[in-house]
Structures are given as structure tokens and as C-alpha cells.
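Here it is, the structure, as C-alpha cells.
Think of it as A, B, C and D in the order they're written, each chain with its own count starting at 1.
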């Protein structure tokens, strides 16, 4: 057992647990997007960032992957943390204004669409990769995959054909935090 | 043949020396990629053909790049008892003349660059003079290497063999002291002693981060798990940086030897070199080197009979800058897309295949044999307090002498630009130097007395990076430069984490507003806070250092940003939305060149009459500007 | 079209059937056919025992792979920093205009040319630089670019 | 050996998502008397700290099975199975009830109400868990050669690959020498003569290999057995049957191409089919001159055109290389895949091959010596001159040739006649190791090279199987068990099994009890629910478990509540998706997830009514294309239909039971379906609880167990290969009336039995009791007496006195 603090509260965890595990268990809220207990943490959305004091070093880490350590001081709500989260929300909201999940989450951050908001975009995929990971890790097939990279990155089925591997189990839909998969699903199955 | 003992090694060395400095004359052609691009292949062929025609009794050989890229193709003439003579910008015609002259026992005087009196042979116990006694005639008057501004401050340690040996020839490498360090490490040092030497020597990673190499090795040695991997990062992706390519093309065995020593120190049996596929020559050179080393028993089982086994596989990068990031590189070796992952468990503990892995870059590995051979104390002498040794930089951009330079740490930027680089082109002014590629920053003229080492650069907001140095003058717009690097990173981002994928894009959008004259001062604050969010939030080094070019230009060139925002103008005349092309009616003599070149038909006019440019049709492609010989096309 | 079973076999036999060889096997296919034909990609994935989706992810992630058949001549324009400060962008636009390509990169309809951007060809001293097939052309400007295209169109 | 059942129940708060909506302490209170050993509530059982806590509980309490009340079993079960494996908790011992998506998120009712619903769902799960049977999987041997049947070319690649890896194989092929095979290659692969050289090399290697036996093809008489032990009966010319044994099977089947009909074009020998041309190529006498390949036939679709264009291009290349006196040109519609790459263009130019695209909107015109077409480049009509005009052939129906083989294999023709192996849409863990491999162009038009790759892949799969067996990892999962005492060998299960898991029996073996090949079985369970004799049991997914669950749930439901069955695919997914999308629907529905609606035994439906449920709703995948078990949902339809008929026979409302269809991505449809069904049921009173109704429901329940009824239900859906299915309403009314008759009779019989169990009765009394005219009863009674199922115990008022039992 290691003992450390989150927002001043003394908590305990085991060596291979993450900060997020312990925070959730203790009921300390940390927002997430790409995290789902069914799959391994991925660390893509960066919403779950927290500030960690470790010895003399202070740094921003993602709580979904950072393993707990003896004596660290975790703070979930510092200005630096807030700045990262707010910007992520801002960027996501401008990118896919149609996502209901985002709209809900954005409220708690007091983030409003900016002048860069994409107009007329109803597609709402955040590339959190939950569908891809659920397909691979939970279902055990790879009917879905990331394709391309950077700004062109998207969820696709291989060779851009309706995937033969897909078993239409709908797990991708279940884990998807936005409407993205629902919109993609019909295309994939075509 | 197999090399298993010191005697074998000495024998090979003797043979190699006889080849390096034969009793007959020898001509060397620089055949690295830069030379090839300048036409070295044709030069080599001409020399060979001519030599055959003239029944010349001598050797024509290829070698790597010594760094004078702006003078390529380079040809060296080695005549026993004479200094080594270097000729620059050799074309086929001159090559033929040269061979004729050499065959006739004379040396040509044209295209002469410099003479080299002494070969340092740093690994092999001391300098070797090319000649004894006094020189006469043209050669005596000729400038020496040390007299060239470009060469004055340089000290070739990692590049010790580049331009001297045939990279494909193992015997050449051994002749200059190669693989003796490995022998020494394997036969008379414990792994701990090797790590100690590298630690004391103060070697820091040359790939960008500047992490102490010895410390890294030590933790990898301590890490649990087997097998352990030794990796070489040769995925040199920084635009404007090509020192790794040059090292590989010039001296591949130095890297292999470094990796072998590292593997011995760490306790690894398997290594990978991850090399950019866009460097076909480097790939071929490495393939041949690995094969030769394996045939000689320097890779494989029981090397030097010391019970140490190690082999190296070559992996070709698929063209993704992000694969220079350690975890992405490992993902790529595993055959997956090069997406980085969080490094909360360090890769020295869980790296490739989740096993302990030690990754260093080409230049770092090339330095290792040096430290073992010459000793940590010798190495410590070079460089500054915190940064030991030398560093290779590729000095490019708006500077006269473009090329690769290896200097001791601590040389100032001013010396770099004005002395080594020969200054910016005439009538222009030095404005900034961009160091460290897309992750680095732009350092302004005010700071040009800054010594170049890891810590000073870090404090100035830049970083050493892999060593790309792009000199910029007043024709370069800093907002445009920031945009360029962001474009690069956006294009190369793997897209996994949101701060990098969308954050950099947003920064780019904001800059675009500036350069199209739509920005406001409040946006500068927004840009600042977004940059900080990306720095804090991004997953890997590519993203978190991505805002550096923006942050440093904001810090040092705020006036230029303000000119774009408040004055709606681009002082350097680069940002298309803020400039117009016009034809100076007085300078234009009506040559029709621009009329023919304009893709839009925006320029009209008669022969010998000043032309007219219709600004409404102009797409600002700059074709007229490029083609006008009279400077009549003006940008404002 | 010679994507025969045999030509693929020759490539596949060089790679032991384990997933780590995916990239190198695809590189071999790319080198042989200048693009990744669908059937070749499936064959490689089957051979290495990875799902086609992984092959797809890799093939689209790395720039050195192309999924479309390539033109007779490949033009790679260097967009490195050194070339950028010497006008590579304008040069690239010139190529694009002359080839009549709608998108950023791609192959002309007659499959004569394939234009692409590359990040530094390592010839910074000669920028701006473009590589046509195997040959590197340095110190280019827009006019020379137009001449280059004319030259290769005839070949 | 019966051990004590120790079940742990873990309830998830889901960080407030469940606990804020459902009164979890009250759920615990309600479950106090349920069959559980340990009950705990955790904030996040799925996160590492939660798993640790559960592991601790499992060890401390000695739990041997688990019920987790949390969220979706589809998504989360694997996590628990992996996380709890170190504590010895295998996956099948874990049951999940979806409190989040089936209770908390979809109802607005007060937490206490939802607690009751949650408790009902959990109690059902506990009842089912109590009947869980622990099992040990057994490992299988894998010896003997591979049997390569079907005669397709890809079989030879498989054989070569196997031989290279030291595995024996037997190929059944039409031709007995490499040359003969190559001579006929263009019948199945037009345009592939180009690759003859490569193929010859390959075939020679195969024919020369001591590990490969090439036998001549013969009609398949039977194929029985399972992984590691397949037996293939081949009818010999003399009428005898030769049996081959093998460890696994590769079916290599290619599609043939018929020569195009060129007679109507005229032109005599100058116009020929590609087959003719390739025959000439084999013989080596091709007419010199200008040869134009005219790729047409848009009515056969782009795929065929692509293929033809490619074949024409390859033949041109072959001609150009080997017969330079021929000048080929390919004229193809602009919408197909030519030209290919810059390199190809260069090759074409080097060889002088013409490639001409035509705008498909304007039909090219064949003239004597010329073919005119419109070029899409300049919209101008161009002409090519020809001396020989070649027309590509067309693919034939692959299934018609292979009927005898397909009868024995789980390979079916899809739309358009191409063949496909059946089970492709299960979770990988539901798909047992593939032991039957299918390759060849009969599975879809493709060229020789692709087919050869397929052959290689099949061999690789087979070798993996061998590797697995060597390591003892080739295990039989024991999914379905056939009770040999109950089985009468009727073969209905074989007929309806979509995956081939129930074994075939050699023809003429008579009523032999079935066995299962668990290696092929996917555990769908339609067979068990169909078996007239109830001899089939799906391990740990049995009718008994479902019965127990239904009973336990109904006992905790109110008289207004409705039971819902959802299949594990469309039904379950859309129901859970409804919660994800924030939809709501009435609380009355209590859902039970099953693999496939087809696995619900008809008697389950009647049992639910017998236990007093007000109504039932079933939601499955859309029939004919979405059902993952091919026809499971259709089987269920017949059972629902029978249930409706029986309800109305008993004077109850048919609409108490309803079935609907949803896809995984249609949560809105699911919510509407529930609303609509529950609304309809609201109009109805609760099910009467009087004796008469109970007796009737008992009889209905008994009817559902009657072999005759089950047989009729099972056979109502015929094998999918039969052409008249599905969709055709042929004979629909008559068939339905026949079913109604059978149900009526059997229902009456059931009621008679029920009455006679209590006391012996004469027909008039019986008639009064059952409210049926005596003349309807008399023939039934006489039949039953004749069959010996009831007996005459004496005489009363001149009537026989019937009683249960034998005479």
C-alpha cells in the first residue's frame, strides 16, 4: 500500500493503481472522455490531467495512466490543470458542436463555442478511440481501426470497405461518448 | 575474415592503413547524398574513365561528407609526400582536366578549396603528417583547412572519419582506430566501468533532450526483464537537419561500435537501428556495414572471444516524424502505427515489447567509442561545464557557408553565423537563428553572444534538438516561420491526443488570422494561454514542445506580431494577404519574361515597354519576382 | 499488372510470419509495385497473422505508403525549413498548377505524374529542391519547375 | 457430485449513476432471502480497486459464482473475467445484470420502485446461477491428413503449404496431372494463363510431394465426424463407397465461367469468346492481326466488368509477350479499374497494347472490322480496327455444381449465388476453432492470385490448429449436450443447425442418436429449443436455468409488469443503447437477455403465463439478414405465433405476447416498441388467477412440451437452402391452419390429461369440464387409448371411464 494525498486528502492505493482509480474510488471527480473501464487506458483526451508534486518536481500528468506513488501530492483543480481542460473542451466543442456529451461537459467548464467553431458540422467523433479499443480489446476483433494521422485521422474500417470482420455487436456504439459512432456505424455496415 | 583477437585487429589495421595512405596517389570523391545531388556520381565516373584511358597508376575511391556541403561535389587529392588537397564544385569537365593533370604529375590550381597538412587520427595515438619538410609552389601558398573561416572553430570528433574513409570499407575504419575501443571494453572493462566512463565523460544525448547517457544506461542495466534492447534512433526527421544521415553515410561502423559498447554495458544481446527510409544511401550503407561486421565476427556470437553476443537489425522508418519520439519509434519497430504512449513507466524499464530498452541517437552512439578509447577525462576537457564534447550542427538557411559543422559545445551563435557561416547574404541583415527544429525556438540577434550548449539554449526557450540551425535574415517573416513549423507539426502529428491534434491547429488558425491582417492584440494572450495548455497537456514531446517556435517568436519578435496585427503589414514581405506585387515602371525594361511566366495572365505589356500588373488577377505566386532580372518586381 | 501470386510469395518469403514485420513487408510491397494493391495488403496481413485493419492503419499512418497506383514519374518537392525559407511553397504551387492537380498531393489523371511533398531530402544546401524519380534537382525556381515537367512529360 | 452453491452479489454505484437513481440499500434488503452468500455495494467494481475488493471477498467468502449488478455484460464482462481470473473465477461463473442501462438510466420512477425492479432482475440471475454446472474442457487430438475437397485450384496451394510444414493431405481433383489442370485453367480463371508458369511450378511441387495424395474427384456420399476425425464417403464408379479420414477439411471451390454468347453478333470465326481464344492459346495457334477485346455486359455489374477488363488486359499482355504478330487492344468502359498504374502504362506502351476507355453511357457499335466508341476524354467517337473481336465470358452459378458437397457442409449460397461459410458474426470466443476452411472463387469473383492466397491462408489456419493440438490447447468447449436416451434420431436439429455443430449421420443408418461437434457449435441454442424430445441441452444456458430465472423474476414482479426477452445482439444492444442515448421507457418491462430468441424454448413462454405474468415482449434482430444465427429469430416467430394461437384457444388475448425486431443501432425503435407494447397491455386486465385459467395455462404449457407440437414448430422453418424460403407466402393460409389444427388437438389432449390426472372421467363429464362437445373429444380419446397413453378403467353410464396410465 502506498499513501499519498489528493487535494490534501490522505488516500491509499496499491502500486499498480492509477491516480484516477483511487480518485474515483474515493469519489473525487475528475472529468474523462477517452477512459472506459472495459478497455486499457489510452491517454488521448488529456481531460483527466492533474498536477502532481513529486519531490521537488511539479508536473502535469494524466491521472488515468499515472501510477500512484508514495508521498506524491495530487491536485485536481489548479489553474494549470484548468487551463488545459478548458482549452481541450474549447477545441472539442469547436470541432464537433453536435456532440451532446460535450455540450453537457462544456457547461461545467463554462466554455462556449468560439469564432473558430466549424459551421454546419453534425459529425461528432472525438477520436477518443474507445470504439476501436472496445472492438479490439473487448470483442477481440479489429473491425474498426484508426486510419491516417493528425488532422486527417479518422475511424475507419479496413480498405474502406464495409468490414467483413464486424459482427454487429454494437459495443462500439455503447462505449462511444458522442454521436460519432452512431453516425459511422451505418457507413461501416454498408 | 574473422576478427577475434587483438592481433587480428592489428593486422587488419595495418592493411587498412596501407589502403588509406598508399604509396601511390589516390583521389577521393565525396559521395554522400549531398555530393550525389550535386553530381558526384558523374564526377567519379569521369575520373575513373579518364584514369583508365590514361593508364593512371592510382586509386579513385569514394568517401563520406566532410561538411562543406555548399562546395559539393568535393574531390580530394592525396599524393604521397604531399598535403591532402581539396577541390570544390568539381564538375565532369574539371574532373577530366584534374585527372589529366594528376596523371602528368602536376596538381590543378583551379577550384581549389584548401589543403590539409595533418590528419588528426584522434583515435589512433596522434596526428599523422602528410608530408615532411617544406612545400613549394602553388601548394605552399594554398590556404590550409585551419585558415578557412568555416573550419576554424570546428573539431571533428563524431565526424572523425567522415571524408577520410570509404564508409563501406571495414579495414579503413579499423585503420583509424576503430573497434579498438570495443576490444578494450570487452576485454579489460566491466560493464559498470563502461557506464562509469560514459557518465564521468559527461556525454549527454545528442537527439535533443540532452539526458545524461550514462545515467540512462545505468537504469537500463538495473531494470528487470530479458532480453534488453539497444536501439539507435536514426529517424532524423527535423527539416533542415541531416547530421545523422551524413554520419551514417560517412562512418557507419562508428555507430555499430558505439551500440556494441552500449549493449555490453547494459547487458543486451539484440539491437535495432531505426533509420529513415527516405535516406536510401544511408540505408544501403548501414546494411553493408552490418553485413561486413557480421562477417568479421564483430556482430554475432562471442565477440572477441569475450563471451559477449550482440546482433543488430535494421528497421526502416515509414515516413513519420513522430517516430523520432522514443515510444512511437518502438511502436513502429513492433509493426504498429507510430503512436506515442505515456511514458510514466520509462522505456528503459518497459520499452520495446515491454522490455527494458535503451534508445540513443546516431551521434550519441558515434561518440561512445571515443570516450572509451580516449578516456572520460580527455572527453571532459572538451565543451562547457554542463555540456561536454562536441555537437554537429547543420548550418543552413540564409547563410553563405551551408554545411555540417562539428564544434565544441559553447561556441557562440555569433561565431556560428558570422565566422563559420560566413554571414548572411549581402544587403540583408541577420535576424534570428532557429535551433532545434520544430521543437526548438528562434533566437534573436540580441542573444547572439549566447554560447550554444544544452542549458543556455533551454534557458533561452530553444533547445539543442538534433542540431538543425536555420539562419534567417530580414527576408524571413517570423509569423510565417512560426506558421511553417506549426504546419509541419500538424502534418506530422499522429493525432492521438487532443492538445496536439486540435491545439496546434488552433494555434495555426490564430496565426493565420494575424498573417491575413485579421488579428487583435487579445489574440496574443489567447495564443499564449493555448500554447501553455498544449505544453502541459500534450502526450509526447512532439506536441508539448510544439508551441516552442510560437512562444520564442512571441517572446523575441513581439513587434513583428504587432506589425501584423496593428499595422496590417508584413515587414518581411512574406505573408501573401498583406503584400502586393507591383512593377516598378522605371526599372522595368519590358523584357516580357514576367509576362510569359505569370500563370494568371495578370501582367500585360508590350516588348520594351514597362509592363503592367493587374493586382486583382494576381495570386501572389511570386513567379514574376523570381524571373525578373532587373529587380523591377517589387513586394510591398 | 503483375501482382502475381509468385511476386507476392517472393516478398512474403523474406519475412517471417510475425506481426513485427508488417511495416517492412509493406515497404517491400511498396518498393515492388510503387503502391499497396489491395490484394497485396491482404496477403501480407494474412501471412503475418495480423488483421487487415492493422495493415490499413499502418499503411495510412506512414507517409511512405501509397494506396493509389502511382504515376510514371514521381515528383517529390522538399518542404524542409531550408527550402521553405527559399520559396519552396511557391515552387510547390507551381508544380501543382502545371500538373492540374485539384488536391494537395496526388496523381494526374493520365497517371503520368505523381506529386508529393516531402520533409527534407537532406539537401538543404541546394534548396529549394525537388526529386523527380531518382534524380535530385537543386536550386529550382518556378520557371525551372515548368521546364522540368515539360522534359519529363516527353519521356 | 453436488457442492454447496456460494454466490456473491456485487452491486455497482457507478459513481452515483446507479446509486442516485436506484435505492441500493433497499435492493440489498430485498435480496436478503434470495439464494446468495455475500452481498456488497461498491462505488466502481470495474476499476482496479473494485476488482481488488471483489477478489478479496471471493477468497474470504469462498465464492464460486458471481452476480454483478452494474452495466452492460457485453462490454464489461471480459474485464471482470480477466480481473477476477486470479481469484479462480472463470468467465462462465459470472453473471451480469444491467442495473444502469435497464433500470437506472431509463426510468424516471422513484428510487424505491426501481429498487424493486432491480431486485427482481437480480433474483432472476441468482436463480439461473444456482443451476450452473461447472465443467472442465477436454483437449482433442489432431492427427491424420487434411482433406482437400471441391477441386478448386487453391487446394493445391493449401497442399503445398501443408507439405512444406510436414503435414499430409489428400486432394480430390478432376485432373490428374499439372498439365491437364493448366489446360483447363481458363474455365475457372479466364485471363490467368499469364500466370501458368508460376502455377506449373507450384503444381509440380505438389504432385511430386510424398506428403500429398491426389485422388480423382468423386461424388460426396457423406461427411461425418468432427475436428481431428472427419470421415468423408466418396461414391466410386462401381457404386461402392470409399471412406477417407482426415483431421480437418479444406473446401476449395471455384466458380466457372461460361463462354459468352457471340452467335448473335455474327462475323463467323472472326468474333470469338475469350474461352475460344484461350483454347487457341493452349493449342498455340492464335490468328495474327489486330485483336480487340471488347469488355461489355454492364447488366452483370461492375465486378464482372472489372474482372473481364483485367482478364482482357492480361491476355493482351500474354499475347504481346509471346505472340508479337498479334496486336491487342482492350476497349473497356471508363468506369472499370483500368488503367492501373504508371508502370502498367509503360508496359502497355512497350508492348504496343492499346488501352481504350469508352464512355459507358453511349454504347459502342460493332461493325465489320471496326468498333466505334465514344471516348470520355474528348467526347468524340473513335474507331478501332479489328481482325479478331474477343468477347469475355460470364460467371456461372457456383452453388448448382456443388450441391452434393454443400449438403454436408455449413456453406450456403448467399444472394447472387456465391458461397459463404455460415458463422461469421459471433464473438470470437463463441466461434470455436475453425476446422473447416473454405477457399476459392466460388466465394466471390476474384482472380487466380487472390484465390491462391486464400488457399495459403486456409493451410495456415489448419496448421495453427495442429500447433494448438500439439500444445494441448485444442479443446472441446462442451457447449451442447445431446441426451442419448431421449434422442430419437429424427435429425431435425441437423437440419436447422446453422453452424454444422450437430453431426450428420451417414445416410441409411436409421434412427441413430445425434452427437455434437462442439468445435463447430456456436452455442446459439435454437436446436435445443426445437428438439421435439427435449434431448438437447446447452450447457450453462439451459432451458432449466431460463425457467428458474423466469419464475424467480415473476414472483417479484407486480401483476402489471411485463416480461421482456431480448436477444444478445439487436435486442440487448438496442435496449442498452437506449440508456446511452438518454431515452426512457416504462418501468413495467423486465428484460431477460438470451443468446438468440431462437434459443427460447416454447415452453418458457407458456411457463411465464402459467406463473401469472401479464404479458411478454420479445425483441430480436431483423429477420432474414440480421439474425446472427441465420434463422433463430424466425424459429422464435413460430413459437410466438403458436403461443398466440394457444392463448386465443384458451380464451385469452393474443396480444399478451408480441415480438419485434431491432438493430443494434436503433435504440429509439426499441424504446418505442416497449412503449407501444406496454400501452397495448395497459388496456388489458392482469392475467386472471382463477382455477379455470390456471388449468388452461397448465394445458398450454403441457402442449408446448408435446413432441408433435414441437416437431411442427421445428419443421415449419425449412432448411434455408430451399428456394421457396423466405418471403414466399405460398400455401401460407393452409400451412397456418394445419398448425392451428395440431395445436387445437394437442391442447385438447393436454387438457384431457390434466383432467384425467385428477380423476377418471367419462366423455360427457369430460366434455362438460373442458367445455368441449363430446363428439370432438371421442376420436381423440380413442386415439390416445390406442396409443396406450390413457386407458379405460371401467364403464360408467354406458360410457368408458378413461384414466391416465396403461391398460
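Methods note: a residue touches a chain if its C-beta (ideal position, glycine included) is under 8 Å from a C-beta of that chain, and two chains touch if they have at least 3 such contacts.
Here the structure is a predicted model, which means the values were calculated and not measured.
The minimal number of chain-to-chain contact steps leading from chain A to chain B is 1. Ranked by number of C-beta pairs in contact, the top chain pair is B-C.
Spacing of chain A relative to chain C, judged by their CA centroids, is 34 angstrom.
Chain B and chain C have Cα centroids lying 24 Å from one another. Taking each chain's centre as the average of its CA atoms, chain B and chain D sit 60 Å apart. In this assembly, the C-alpha centroid of chain C lies 44 Å from the C-alpha centroid of chain D. Under the contact definition stated at the top, the residues of chain B that touch 2 or more other chains are 320, 337, 492, 494.
Counting partner chains per residue, chain C shows two or more touched chains at residues 42, 54, 57, 61.
Under the touch rule stated earlier, the contacting chain pairs are A-B, A-C, A-D, B-C, C-D. Partner chain B is touched in their complex by these residues of chain A: 42-46, 49, 60-62, 65-67, 80, 83-84, 86-88, 91-92, 94-95, 116, 126-127, 129, 146, 148-153.
By the touch criterion stated above, chain B contacts chain A in their complex at residues 320, 322, 337, 341-342, 344-345, 490-499, 501-503, 505-506, 509, 529-530, 532-534, 536-539. Those residues of chain C that touch chain D in the shared complex are 1, 3-6, 8, 17, 33-35, 39, 42-43, 46-47, 49, 69-73, 107, 111-112, 114. The residues of chain A lying in touch with chain C in their complex are 141-149, 156-159, 163, 165. Across the interface of their complex, chain B is touched by residues 19-24, 26-27, 48, 50, 54, 57-58, 61-65, 79-85, 87, 90, 93-94, 97, 118-127, 129, 136, 138, 141-143 of chain C.
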